[in-house]
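Lettered A, B, C and D in written order, each chain numbered from 1.
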Amino acid sequence: MAGSSLGKVFVVTNFGESHGPAIGAVIDGCPPGMDLSAEDIQKELERRRPGKSRHVTQRQESDQVEILSGIYQGKTTGTPIALLIRNIDQKSKDYSDISEVFRPAHADYTYFKKYGIRDPRGGGRSSARLTAPTVAAGAVAKKWLKQNYGIEIRACLTKLGPISLEVKDWNAVENNPFFCADPKKIPELETFMDCLRKEGNSVGAQLTVEALHVPAGWGEPIYGRLDAELAYALMGLNAVKAVEIGEGTAVSSLNGTDNVDEMGTQYPGLFASNHSGGVLGGISSGAPIVCKVSIKPTPSIRRELRTLNVKGENVVVSTKGRHDPCVGLRAAPILEALIAIVLMDQALRNRAQCG
Amino acid sequence: MAGSSLGKVFVVTNFGESHGPAIGAVIDGCPPGMDLSAEDIQKELERRRPGKSRHVTQRQESDQVEILSGIYQGKTTGTPIALLIRNIDQKSKDYSDISEVFRPAHADYTYFKKYGIRDPRGGGRSSARLTAPTVAAGAVAKKWLKQNYGIEIRACLTKLGPISLEVKDWNAVENNPFFCADPKKIPELETFMDCLRKEGNSVGAQLTVEALHVPAGWGEPIYGRLDAELAYALMGLNAVKAVEIGEGTAVSSLNGTDNVDEMGTQYPGLFASNHSGGVLGGISSGAPIVCKVSIKPTPSIRRELRTLNVKGENVVVSTKGRHDPCVGLRAAPILEALIAIVLMDQALRNRAQCG
Amino acid sequence: MAGSSLGKVFVVTNFGESHGPAIGAVIDGCPPGMDLSAEDIQKELERRRPGKSRHVTQRQESDQVEILSGIYQGKTTGTPIALLIRNIDQKSKDYSDISEVFRPAHADYTYFKKYGIRDPRGGGRSSARLTAPTVAAGAVAKKWLKQNYGIEIRACLTKLGPISLEVKDWNAVENNPFFCADPKKIPELETFMDCLRKEGNSVGAQLTVEALHVPAGWGEPIYGRLDAELAYALMGLNAVKAVEIGEGTAVSSLNGTDNVDEMGTQYPGLFASNHSGGVLGGISSGAPIVCKVSIKPTPSIRRELRTLNVKGENVVVSTKGRHDPCVGLRAAPILEALIAIVLMDQALRNRAQCG
Amino acid sequence: MAGSSLGKVFVVTNFGESHGPAIGAVIDGCPPGMDLSAEDIQKELERRRPGKSRHVTQRQESDQVEILSGIYQGKTTGTPIALLIRNIDQKSKDYSDISEVFRPAHADYTYFKKYGIRDPRGGGRSSARLTAPTVAAGAVAKKWLKQNYGIEIRACLTKLGPISLEVKDWNAVENNPFFCADPKKIPELETFMDCLRKEGNSVGAQLTVEALHVPAGWGEPIYGRLDAELAYALMGLNAVKAVEIGEGTAVSSLNGTDNVDEMGTQYPGLFASNHSGGVLGGISSGAPIVCKVSIKPTPSIRRELRTLNVKGENVVVSTKGRHDPCVGLRAAPILEALIAIVLMDQALRNRAQCG
């Protein structure tokens, strides 16, 4: 399979560029008979949509999804579900200058080296805008997982630059522009972001994403493991530079006595602890699946940077336009969608083999 | 595709259990005309082989590889290369006790929940022994990448429990039992491991693995990205709980000004720095690809642990036998193999699409 | 991969139903840098479009294709090419009666048994309308194969019910409504079809499709063979019940002496004959690839037929509406598209492995 | 996926060459908990084995299968099942002459053009010997399909050169060297084959293969159809040049009134006839699946034939050695295996999506 698909049995194929006519996804392999409407998908797209606070890009992407196929009388039919989102707000400006220059730490140079051609309009296919089809497809998976297994998937911000955040109150997450579960820290986050925006800089972030009530037994032993596929999906998100499961990087300092999760009927969910993050031997254990991702500061900063142009000459570039100072602030719904797609695919694969 | 294969165009399918008749791999899609002998593969298996120092498991696995197909007169023919390693040293002991108990933090419980049946002999398919076929297949990829692009792949230990190690001298790596590039620290590592072994405990580790001279342009924009596939392969290795690329988790604290890699002809390799770890927008940049993995302490410790048996009763178990107190100590050749397989697959996929 | 995709490296994913909002395809893996416009695709859709003569269905499907992605400044960028065709002419009638009855020899019963739900509007996904996205995607492959290898792909009618047709003049094919290369037979075909239409019956057909100038060396030895993939693609077209390559079914009566294709420099293209139809051992030989398909008479006939309804009761049904009395008459462009997609995928796979 | 695998969820990967150390297959995705022994597989290999009558090649291939993995205490564990067959009887002769010449109508020329290298020993990977792993893997699928759905798969010879055979008595098939279900014709077949062998010629054949009791609902609508996958598997067998389903090529002459299968509770299995061969719209209907394949006469004939050598010079070659005058005589078990693998994969895929 070419590279624009995610999943093996529940397969999401993503298409589109930031400023082309449209973006979208085709979902193949969805079980039949599930209620599904555009609203189910739209509400997840709303959570991801930019322009909702002063801390994120002020681009207005309406992101209206249209379901083109795979639904009859409000139910999935089992045939491919094609999802279409028209690109509306793209500025019809002249890209001739930027098209000759490789913005440093962006994908301009690597796309050009790969394809010999590059769509410079708004970053083309490397734009974070292309996460919208992922969110749309993930909405379908989330709904199915919830209905069939009671699975809950949720994400929140756990670090913004120097500010560490605790996971204190999941209910707070939807009520602030940071997807933050540590409500008392919100004023601090506001101040930090305002400051950052003023200086035209950007910052990294860490998010935690978890899935509750995943049955034990999903995943496969070697290569096609659940943890491997989670890492694949999460690391594949723009700007992610690290994926951790359970204790994550901390395991390198631990002894076996400190990292083992004992079992027993006396523990809720059978496990005394969850250092493993819900995956053992590549297969879900029934404990909550817990992942952390580290997202780099976007290189779109208001500063002159040295770089090359397409002729190989040294030039200087600085970013203008409506950019996110912290792309991590909008990542929560995307991480949830990615995990939902991975879990749904593994659920169906498990059903295929193990009945 | 079922889950035991790695790669799309250069495909490695892994088979076997720790104490079954044999383990092995089938490589499909290898280019024809490359010189390949069992010795090419055997030398990588030697690097992985247990029992070479007092710090690793004392099991003797001879790991003699036999090439069953795909070679004629010492050259690859383009047809599948099947690699066979007989299991020799498995103790023909009675596994009836352990087969009824789920060792905590091992894969016993999850395999049982998935399949309803479990091969308890030496951990069955969840044994680290199954990394040998990966190393064998990786040897083929490493050779091809070296011959065709001059790519060098290498890994070393950068953390052992509380001891951080620097990457000072790659030449030292093959001359000590720790794959350590910080030779002065070796006595400290020896003492630490002796101590750990005496108390029957285990410890985590961090390794760094890198690939030099990878051309710019390998990878794909969305989902099938090079960074995603690296994370997939590395996180899929037993006991790995975190994968980082370039700055890794550190990016969450950084500003854009600190994390950007400027470009210019004045810099060797065109980049002023390598925060990105050689991947931009999912595609290789030509800079060294640098990954870090964090490996958990094995749960095979000499301590009584609470757990369940197959009847769901609370029991206590403690590990006996020949185990690695730090599986990270033998991971370097495996990480190299995994990266080699991913890179080779991406190289061929890039050739398919971009000529 | 779920079932709605064709190809491994050049991958076409088809979506849509006859009377849903739209149909279309996503092409993933197309090489970058090729000139491509909607007109390139539209002209192939025109060749397939119904309603062009009295011998085919009088439905008017405008089949205007829109390219949603993957093109910048008139050239392919290497990213997915999404193709959209809106459904316009669907009659907004009441399908409640037909939705309760399984039309015999149609897919109604099998879809219902598979999915437990069925989109009855115009046949839903089982409609021949869904061949339009295949033709659209095939147009891209045809263009690339022509530009890069000079490959010509063409199909014609070689049998219509009792009337056998010879391949006398390929230039005639585009100038008659039968895709017939035997121009003198056209009056006979006209009379036959008029007669058939009057009696409300349908008829089968045979078509021949061939590809010229395919280089020797495309295909793979076992399973992923060129002949296997041609058969897969062609048998997968609605109503096809037989696929033959080269001598086809005739080989069962032949002796080896009569079926062997001798070779020599004295023969144009090196072969004295082409019994093999251009494939030997699953790999192209450089001789023309020649396939024949047999297409069944559509079961949409003006006659009462016994069948079942969704409650399992015996009922009688007869077809009304605008149907093709011979679906074979419109199959030529579709067969060409299918072969083009298979060849292009094999071309890229060959380039991946063999450079 | 590279080309040596068959199936998507139940995946068979084939490896080996005729005169290399071994041939075999790896089955990935087999459900756990099924009783499986080497004997289950061996008995199917026996049915395929050459040298059992004077009418087939006199090569003695012992074809002893060894199960290397995936079984514990006589049951499948759900992990890959690797099957190994050592090559024993290969004559260690000098292949230097034949390695320089392309035997006409064999795969010598196409392999050489593809790979630039060719294993000439016994035909290398193009040898019919490589059907043994397919038969071995098919034995697993056959057993599972029989146990879980009562599916019966069977094949017989229906044409040998000029001699047409009826399907009169399936019980006779295993009791004659021709897999013939028309016992009275056996003396005629014997005489014909003796004659053919004396003159050093070969002949084509047609076989019929069918699957009974396949549930309605297996398959997928577009591209991944059951009929397409059957055609793929069957056309991929060496020497097959045509695949027909149900009425096959005969449909091109039929009217809709003659080809429709009416339905009703009064008919056993609900269908009044089975022109469709058990597949409607790419999905099984519950009626018997019936396929026919046409197999070409092998080009290994005792006659001088014009051809080329690797230098491009015109030469003459004639075949020596132990060859099958009619490869169709040994094809029945292979066709059964191929259909079993396709059906099992579709069964599991259907279970994945439709539960």
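As a convention for this text, contacts are C-beta pairs under 8 Å (C-beta built on N, C-alpha and C of every residue); 3 or more make two chains touch, one makes a residue touch a chain.
Given the structure is predicted, the values throughout are model-derived calculations rather than measurements.
Distance from chain D peaks, on a Cα-centroid basis, for A. At the interface between chain C and chain D, two copies of one sequence, more than half of the residue numbers in use are shared by both copies.
In this assembly, the C-alpha centroid of chain B lies 39 Å from the C-alpha centroid of chain D. Separation between the centroids of chain A and chain B, computed from CA atoms only, is 26 Å. Counting partner chains per residue, chain C shows two or more touched chains at residues 1-5, 8-9, 14, 29, 32, 78-79, 114-116, 125, 221, 349, 353-354. By the touch criterion stated above, chain B contacts chain D in their complex at residues 1-5, 7-11, 13-17, 20-24, 26, 28-29, 32-33, 66-72, 75, 77-82, 84, 114-119, 121, 124-125. Those residues of chain C whose C-beta lies close enough to touch chain D in the complex are 1-6, 8, 12, 14, 102, 104-107, 109-111, 113-116, 125-126, 130, 159, 161-162, 196, 201-206, 215-225, 227-236, 238, 240-266, 270, 272, 275-277, 279-286, 294-301, 303, 305-308, 312-314, 328, 349-350, 353-354. Residues 1, 8-9, 29-32, 78-79, 221, 348-349, 351-355 of chain C are the ones that touch chain B when the two sit in their complex.
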